[in-house]
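Next, two complexes with subunit A in common: one pairs it with subunit B, the other with subunit C.
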Partner chain A sequence: MKQGLWDRETVALLLLAALLPMLLAWLWDGGLMAAGRLGFALVVSGFWHLAFMLIRAQPPSVAGVLTALAVAMLAPEDLSLLQLILGISFGSVIAELVFGGWGRNVLNPATVTLAFLGFGFPAAPWPDLALPVGWAAIPALGLGVLFGVMALRLVLGAVLALALCLWAGVPLAPLLPVAGIVLALLVSDPVASASTKLGGWLNGALYGLLLALFAAHWQGAAPVQMAVSAALLASLAAPLLDEIALALWILRRRMHHG
Partner chain B sequence: MAARPSSWSILTDPLIRQNPVTLQILGLCSALAVTTSVATALTMSAALTAVLVLSAALISMIRNHIPGSIRLIVQIVIVASLVIVIDQLLQAYLFDISQRLSVFVSLITTNCLVLGRTESFSRHNPPGRAMLDALGNGLGYSLALLVIGSIRELFGTGAWLGWQVLPTVDQGGWFTPLSLMLLAPSGFFLLGGLVWALRSVLPEQAEDPELLPPDRPEDIA
Partner chain C sequence: MLPARFSAGLILPQPRLPDPAAPVATELTVEAAVQPAPGESLRVELLVTEDAEVAQGQPLMRLKTAPGIALVAPMAARVARIDLQPGRRLSQLVLFHEPGGARHAFDTRGAGGDPARLRALLQESGLWRMIRSRPFGRMPAPAEAPAAILVMGRDTRPGAPDPALAITGREEDLARGLSALASLTAGPLLYAGPGAPAPARPVATGPLHPQGLAGPVLHRHVPARTGAPVWDLTAEDAADIGALLATGFLPPTRLIAITGEALRSPALVRCQPGADLRGLTRARVLPGPHDVLSGSALDGRPALWLGARDRQVTALPRAPRPAGRHWFRAALDRAARHAPIIPTAALDQALGGDLPAAALVRALAAGDAEGLIRLGGLSLLEEDLALADYATGSDQRLARQLRALLDRIAAEEGLA
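Moving on to the complex of A and B:
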């Protein structure tokens, strides 16, 4: 074995393991309906991974399960099967598979799917996630950090920003469970988040600040909608944050070494 | 110099094989902006084709008299005058659509497709051939716009050219319009998908990859 243990699939499996507490809490709460949604999302996502394996010889990845999980938990309700198929196909193919598979994508495919569904079908109501699922986000984040597949800096940055805004009087409290869930499912994705040290802090903080901004000024939006939008914007900004961190580092080196 | 292409191939090459939008990626700004409905896409296509053909004719006629150093200025002046004429015509006879096209008709002046054709073809060819080439490119542009516009209008509103094809939920039907199709991002997605589809069917259009993967993937690990 030339590659060692830490290849892409190990990371995906560990991420999945870290998310298990949330998944179980969500299944416990949602029952058969939730399981059906998850199964359906798994089938569609798996189909595209299989199709790209057969047509373009791209190895399929367990990451498809992560996408399906995030979409099943966060996608708007009352969508017809066709609409869900369209959304998941769009997210998986355009955001992940055309780039060459998981690990080369720019955005998290689940984030793109959710944004697509949210913009495409604005009338569909966003789901209300039960409180236990929100609590389960804490062990999920903890496990992810412990396994080394999620960035502690990113999580701390988000927590700090949220705490600061809460302290400053932004009405964030009803958003916190969803904020944690989306942080674990979408924002902490090791591929789509910032990868430098400073970038991680900034990425988490940006997510928290955007969420606070939406909570304060976005009238009539559902908590999941706000959190998904914040996640989308934060992961769009992630390369920029990395670039800033790199530029600062280069500047510092130039000052030290002339 | 290579053999002169036949008139037929000058006219038909830009339709698919050398399509200005999907192969040369020219004129995208307007192509993405006006394709929310088929009517605006068709009007814009007609306006652009008219400007393209007329400017090709004019520039080709005076091609031996334009000093090389100011040729761009001369070309832009000619194109801009034609655009103003077309814009006034649209405002006179198709006022509604010209309102919906807003600034994009005037922006034909700066459309890289127009300047690209006059600069690369009309300057070196007699009027007949130049006009044929312009017409072919205009039709190629129209074809791309028509395809994207049809998809966007059909899935965004359930209608095609104003006729209700898919009955929407609001009208008691079954089709839920995909409002994303009427927003700007869908223009990019659809154009990207169209280019992808075309290059899958016609692999000779695909560009060479900039980087080649190593023979054994584990070598980079």
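Moving on to the complex of A and C:
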């Protein structure tokens, strides 16, 4: 009879609220240039949401803002407008809107956009994010976990894996700020990450381990490139991790209840 | 137990609670009715006619499919109206209270020791209807042998009366009822709540809703399966069974809580089963339009009469009619598919924290019966998902999807 507020748009707004510290730090560092990039990404992403609303009756979602934000922060620099439009359109449409909008997608549209831009235009340099933005990822993750829109287990899994690799001597230290930013922006998207308990731990740990692997063996890659690649692979593996966690859960129940 | 206590953002609307220390008044409403549970179809053979005078506990009708099961008068009364639908399906039987009427005495000889006679007595006295069999959440079939019985001495619904209060002073009845119930099952007899009396085995429940509902408890301890049904009933009903066995009379009242924002003050009262909700709330509501629900604000439904198993009446102010929306917005809402449910900590908590929430929501949305069974969804009923429906505020009600899926599974198993 009465209604709570945890519908799709509230979750998207809370995610946006959680990311605000990072957004502000990034805008403060990047100034007008950054604001322009964000505005452009918003316009392109918004256009596709609008198109799908008019053609497919899919109500637009605040999640489009999250995509635009992640793309504006992490996309390679020196891309022409056409290249950016191509990338954002590909990500928004193919990774999100054709599935029926945010919540029904398999991968985070921003991750797909960034992977598309990275693979499609490898000559473009990846951005160097300022250190304060990296620090701001900590309150962003904290807020997300506090609101319950990001999974604590996923964040802890990633932190544990990174700490373990750092302790084992993997040269991760220069990657850590970017690792945190990508963790907050892409990896802990509640839709595209693993949703089971064990799956969340594994998903976070996989992200951390992939990052460590790239740091140790991928010569000449930029930190953002490594983190985005790790996010893409971790998010691709998320359904598998969920399936494993579910199979184990069901097996345990069967052993317990016969 | 941190996840069981940490409530990531999901704060339940806790209504003002009645003072449990205040004396509980007995209020028999002038009218009461016997009616099927929602979704239940009862083909009946009437034993009384309109205008007949009946004693409290007197059988009013028997089921055609199972003549041993009777529906009894909740109070000494005169039969006011009998509404039947085609096929002699019960719609409702309305009674007017007759003060000073008689009480129907049941023959309880031998029922304490003999499971077959106990079963017959429960079916004859109408207490059979208080038992709910999972999967599917129906009244158990006459000869059904449960794999386990769960007695709920706890209720975490917002505004629910404390079952411990309902059985205060009735410890002997409860113990007698539990012993009788234990004879009906070869499996365990579980008691969820404080101070489980022998021979019941205590099970722990979490403090947050819905961890104190029968569904999550059963899902964790004795999952229901189609071949192995599990029964659940409240501690008060178990005590009623004990009282019936001891005296031969059906206890006339049950403890219910009347709560909700449309009330001047909440109250705990003892009233008859099937009581008239308007009669219970009329003197207590604030002026203005309101809805009266049988059940809690989460899982209740607008009703005239107190539901067979409900222990709560909720009066809510009627929401003002939504202002006229923009035509485009309205057209978009009509054309669009429902927005999907995003897995969050709030959803996890709303499903009790034990279940893989996202997988369950997906199985329900996809109508995946096998997936639901794999996840143990056969132990669940609509009330167990009511909080998730409230929390997500989604148009696609999980409870409705679960009911449709359960009905389909029942039809496939040939149990419909």
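Some notes on this structure:
Basically, the second predicted complex is superposed on the first by the 255 of 258 C-alpha atoms of A that agree within 3 Å, B and C clash if a C-alpha of one lies under 4 Å from a C-alpha of the other, contacts with A are read in each partner's own complex, and residues count from 1 in each chain.
The criterion applied here is as follows: contacts are C-beta pairs under 8 Å (C-beta built on N, C-alpha and C of every residue); 3 or more make two chains touch, one makes a residue touch a chain.
Given the structure is predicted, the values throughout are model-derived calculations rather than measurements.
Judged by the touch definition given at the top, the superposed model places A:242 against subunit C, while subunit B stays out of reach.
In the superposed model, A:213 makes contact with neither subunit B nor subunit C.
Looking at the shared chain after the overlay, A:250 reaches subunit C, while subunit B stays out of its contact range.
By the touch criterion defined above, A:151 reaches subunit C but does not reach subunit B. When both complexes are overlaid on chain A, the residue A:94 reaches subunit B alone and has no touch with subunit C. Of the two partner chains placed by the overlay, neither subunit B nor subunit C lies in contact with A:34.
Legend: residue contacts after superposition of the two complexes on their common chain; A:20 is shown touching neither subunit B nor subunit C.
Judged by the touch definition given at the top, the superposed model places A:106 against neither subunit B nor subunit C. Touch criterion met: A:122 reaches subunit B, while subunit C stays clear of it. Ranking subunit B and subunit C by residues of subunit A touched puts C first.
Across the two superposed structures, the residue set of subunit A contacted by subunit B and also by subunit C is 2-4, 7. Per the touch definition, subunit A reaches subunit C in the complex via residues 1-9, 11-12, 53, 57-59, 61, 100-104, 145-149, 151-152, 190-191, 195-197, 242, 245-246, 249-250, 253, 257.
Against subunit B, the residues of subunit A that register as touching in their complex are 2-4, 7, 80, 83, 86, 90, 94, 98, 116, 119-123. Residues of subunit C touching subunit A in their complex: 8-10, 13, 222-223, 291, 293, 297-298, 300, 314, 316, 332-333, 335-337, 339-347, 356-359, 374-376, 390-394. Residues 176, 178-181, 183, 185, 189, 192, 196, 218, 221 of subunit B are the ones that touch subunit A when the two sit in their complex.
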